[in-house]
Amino acid sequence: MSTNGELNRKLRMALVGGGQGSFIGRVHCTAAVLDNRAALVAGALSSNPEKAKASAPDYDIKADRAYGSYQELIAEEKKLPADQRIDFVSVTTPNHTHFEIAKAAAEAGFNVICDKPMTFDLKQAEELAAVVDKSGVVFAVSHNYTGYPLVRQAREMILSGELGEINAVRANYIQGWLRTRLEESGQKQAAWRTDPSKSGAAGCFGDIATHAYNLGRYMTGLLPETISCHLRTFEPGRKLDDYGTALIQYENGAFGTVTASQISHGRENDLSIEIDGTKGAIQWRQD
Amino acid sequence: MSTNGELNRKLRMALVGGGQGSFIGRVHCTAAVLDNRAALVAGALSSNPEKAKASAPDYDIKADRAYGSYQELIAEEKKLPADQRIDFVSVTTPNHTHFEIAKAAAEAGFNVICDKPMTFDLKQAEELAAVVDKSGVVFAVSHNYTGYPLVRQAREMILSGELGEINAVRANYIQGWLRTRLEESGQKQAAWRTDPSKSGAAGCFGDIATHAYNLGRYMTGLLPETISCHLRTFEPGRKLDDYGTALIQYENGAFGTVTASQISHGRENDLSIEIDGTKGAIQWRQD
Amino acid sequence: MSTNGELNRKLRMALVGGGQGSFIGRVHCTAAVLDNRAALVAGALSSNPEKAKASAPDYDIKADRAYGSYQELIAEEKKLPADQRIDFVSVTTPNHTHFEIAKAAAEAGFNVICDKPMTFDLKQAEELAAVVDKSGVVFAVSHNYTGYPLVRQAREMILSGELGEINAVRANYIQGWLRTRLEESGQKQAAWRTDPSKSGAAGCFGDIATHAYNLGRYMTGLLPETISCHLRTFEPGRKLDDYGTALIQYENGAFGTVTASQISHGRENDLSIEIDGTKGAIQWRQD
Amino acid sequence: MSTNGELNRKLRMALVGGGQGSFIGRVHCTAAVLDNRAALVAGALSSNPEKAKASAPDYDIKADRAYGSYQELIAEEKKLPADQRIDFVSVTTPNHTHFEIAKAAAEAGFNVICDKPMTFDLKQAEELAAVVDKSGVVFAVSHNYTGYPLVRQAREMILSGELGEINAVRANYIQGWLRTRLEESGQKQAAWRTDPSKSGAAGCFGDIATHAYNLGRYMTGLLPETISCHLRTFEPGRKLDDYGTALIQYENGAFGTVTASQISHGRENDLSIEIDGTKGAIQWRQD
C-alpha cells in the first residue's frame, strides 16, 4: 500500500460523495474514523461544486481542502507534500460514476475504497482492474458485511473445514422501502437506484442481492458455475427489478439461492444467510 | 357428512396405521380427541396383524375392535349398528398404501381423513376423487398446518383483501434428521421416506416441501401457472431428493419460492412463510 | 390410588366448575383427555344447578351424569357400580370453595385434582391434609407449569447437581389484563379474583406469583427460611394487590425474588425464571 | 461550556486512564470520535508514567502530549495557546481516583467527562459539586446507556405523559464474569472492582446495578423516597457483593426493583428494564 513513507500514523482520507441528501458517504466516514486510525481531511462531497463546499463543515473538512469536484481534489492533493496529502479516496457516489472517479484516483497514485458495485458494467470493471494492477495502489470494494465479526467467524469455520463439504447456501435480503414509487417523489436515493442510466442493468438485484450473494461467496469461498436469475418488477412503471430470486450452481456441486426484495411491507433491512455443510451448518442474520 | 343420524355427539374414529414405530398415527389421534368431540374406538394399527392387535392397548382400543387389517376393520364395522359403528377412518400409513385404504373406506361409506400425500401418483388421485364423489363421504387430506389459528388468520386477511394484490410468497421447510443415511440403520420413518417404491417420486419435496407449498396455496388462495423444481440429493447413495427449491409462477403474476431441506444440521422442524402484498405483508414461522 | 380395581383403562373424570363464563375448567378437561387415557363422564359444572346442567352438552357429558351440585355429584356417583363410577374429581371453582368440595370428595373416597390455591387459608389446608391422609385418596394441586418438559428437565439437572449449589432464583409472572377495574364490568374472572371473600388474602400474589414461586420451589427443591412480600394495589379502589415483589431467603443460603404484575400493558401471560448455581445456570420462559 | 472561543470545530480531548490492560478508556475514545466532532490529542494513560507514555501510540497521541501523570497533563495543557489546548478531560480510571482527577481538571478550567461512579463516597461528591459550580465547566458522568436512541425515546414518551402515571419499574443487570474468584488471578478489571479500597462500599451494586437504577431514573424522571438493598456475596472470600436486589419506593408512589448479578453462568452483559404506566408500558433490553 502507498502510505507516503510512515506507517504508525492515522491515514488521511478523502471522501468523494457524501454531501447533503446522500446516504452512504457518512457511513464510510464513521467507519473509517471509528478506531482513531484514520482522519477525514479532504472531500469532493457532491457533483455540484457549491453543494460540495457547503457540505464540508458537516464533516469538519477545512475550506481549503473542500474541493468542487473529484478532478480538483485529485489535482490539488497531488501537489501537497507527502506528509500532508491524502492516503486514500472513498468513492461513495451513484453507481454510474464509480469507474471514472476510481480510475482517476488510482492513476494519480491514491489508494481507493470504492462502494459497490465496482463499476457500471463488466467492460469498465476489466479496464479498471488493469489500471489498478499497473498503478500498484490498494483497491477495495466495500462489501461491508464482510467486516462483521460473526461473518468472519463463519468464514473461518467453513474454510478450515469445520462444516465439512458445503452443500447448500440460502441467502435473503429483504427491504420494503420501494414498495411505492418513491422515486417519483424526488427522493434522491430511490431516484438513482431505479434509473437504469445511473444504477445499471439491475435494480434490487444490483443494490442488495449482491450483498446476499457476496456473503455466501465470502463465507464459503465457493465459485459459481452457473447462475440463473428470475427478476420481477412489482411496482407498475418502475424500470428496474424490485424483487427476484437467483439459483446458483457452485463448482463443488453445492446449490445456492438468493432472494431479494425491496417491496416487502414492514421490512427495513433484513439480511440473512444459512449454509449447510456435511458436518455442520451456520445461520446468520441481521434485522 | 355421513354421521349415522345424530349430530351433537362425539364422532367415532378408527385409526389405520399408528402401531409401534410409527409416527403420525398418534398425532392424528391426539388431535382428534383434543376437544372431547371425538373418541377413538377402533383400529387396524399395523399391516402386520399381530402387531396391529398388540398396539391396541396403547390407544385404549378394546380387543374386539382391534382389527388385523384395514379390510377386516371395514368389513366388521359395517356390520355394527349405526349408533356404534365408526364415523370416520384416519389413514396414517406410508404413502403407497393411502389409495387402497382410502378407496375401500369411501366405498364402504365411511368418511376419510387421509394423511398427505393423498395418493402415490396422479392417476390414483383422479380415481380416488371419482370414488369419493360417487360415495358422498367427506374426504379430507391432513395438511395439518392449515388448522393453525395464525395460519387461518393470515388466510382471512389475504382473502379479504387486507394485503392487497399478492406479489410474492417465500416458504421454507428445513429439517436435519436425514443428514446421514439414517435409512440404512433400520429406522422405519427414514426407510420408507427414502424408498421410491413407498414414498413416491419425491423424497424431501413430497414429504415436507408440499407442506410449505400448501401453506402458501392455502393462505393466498392462488393457483400456480407453472412450477419448476430444482432437486438435489446430497447424501451419497440416497435414491430420492433430500434438498431442493421450487419456483412458482402464480396465475395472478405473483412469484413464489419453496425451499426444503432434510440435511441441515441443527434444524429440527422449521417451517416459515413470508407473503408480500401491495398493501401489507405477513410472516409466520414455527421452529 | 383408588382406581376401583382395573389399571390399564381410561380413568373416569368428573369436573366441578367449568360452566359458561368460567376459564380453567375447560383447560383441566383438555389436559386430562389429551393422551386418551381419561374420559370426562360426569360434572357439576356450576354452582347454579340450571347452568350446571345446561353446560353439560359442551363437554359431551350425558344428561344423567350432569349434576346440579357437587353434593349431588358425590352422592350419586357413590351409588354407581365400581366399574362405572368416577375415579377422580377436578375442582376448578373459585378459591373460596376449594376446601369444601375437595374435602367432600376425599371423604367419599374419590381422588382429587384441586386447582390452586389448595384452600382459602392455612387452617383449611391443614384440616384438608388430615382428611386426605385418613382417606388414602390421591390429592393433587394443579401447579400446572410443573408438567412442562423443560421445567422437568431443569429440575432433573438441578437435583442431580449439574448446576452445583443454587445461589439465586429470579422469577417473574407478568400480566396486563387487570390494568383497568375490569371487575366492575361484571367480567366473572376479574370479579372473584379481586374479591377478598372469594380469592382470599392475596390478589395478584395468590393468583399468579404463587406459580412463579412454585416454579423455583419445584425446580430447585429448596425450602424457604423467610419470605417478605411487598404488595401494591395500583388500580384505585381495588381491594387486593395487583402488583408485588417477594424476597425469599432459602434455607441453603440462596436468595430469591418473585415479581408479579397484573397491570402491565401489553403483557398477556409471561412467566419466566432464571436460576444461578455455582456450576451452571438455567433460564426458562413462556410468553 | 468552555470551548476557548470557536464553536464549529472538533473538540480536543484528553484521556486519563485507558492504558494497557484497561477497559473503558478505549470505549470513551471511540465514542468521542465516532461522529468526527472530537479528536483525541492528549493523554495521561496510566498512573505509571512509563506505561502512560508507552500506551500513547495505540491512540495516535503525539509523544509531546503523552503525559506521565494527570497533574502533568493539566499543568502542561494550561500553558498551551487557547486554540491548541484540550477542551475536555475524560476520566476513565478506577473509582477511588475519580475525585482528585476531576477536581484538578475542573479547577484548571477544563470540562470533564467522568466515568461512574462520580466519586468514592458522598462527601467527595458534594465537594466536587461545589468545585464544579464555582468553576463553570461542564461536568458529565458517563451513564452511557442514557445515550441509546431507544432509551431516549422511552424517556420522551414517559416525560410527555404517553405512558400515564408510572407505577412500576423492573430493571436487571446480569453478568457472569465474576462467577469465579477472577480477582485472584491478577486480572486487573476484577482486582480493583472487588477491592473495597478502590471500588468503594459496593461491588456488583456499584459497578452495574447503578446503571440499571440510573436507567429507570433517567427514563422516568422519578426520584426515590426510600431504597432498601439486599446484597449477597456468593463467591467465598470475596470482600464485596456480587449479587443483590434493591427495592425502591419512588416519591410518586411507584415501586421499583433492581436486581444485579455478576455470578450468573452464561450471561455476558444483559441489561433490561420494564416500566409500567397507567396508560402504557415499555420494555427495553440489550443482551
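Each chain carries a letter (A, B, C and D) given by its place in the written order, and its residues are counted from 1.
The rule is short, and it goes like this: a contact is a pair of C-beta atoms (placed from the backbone, for glycine too) under 8 Å apart; a residue touches a chain by one contact, two chains touch by 3 or more.
A quick note: this is a predicted structure, and the numbers were derived from the prediction, not measured.
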| item | value |
| --- | --- |
| Chain whose mean Cα position lies farthest from subunit A | C |
| Rotational angle, Cα trace of subunit B fitted to subunit C, multiple of 5° | 180 |
| Rounded Å distance, subunit B centre to subunit C centre (Cα mean) | 37 |
| Distance from subunit D to subunit C - Cα centre to Cα centre, in angstrom | 47 |
| Distance from subunit C to subunit A - Cα centre to Cα centre, in angstrom | 59 |
| Two or more partner chains touched - positions in subunit B | none |
| Touching chain combinations (by label order) | A-B, A-D, B-C, C-D |
| Residues of subunit A touching subunit B in the complex | 167-168, 170, 172, 174, 176, 179, 230, 232, 234, 243, 245, 247, 255, 257, 259, 261, 263-267, 274, 276-281 |
| Subunit A - residues contacting subunit D, complex | 8-10, 29-30, 33-37, 39-40, 57, 59-60 |
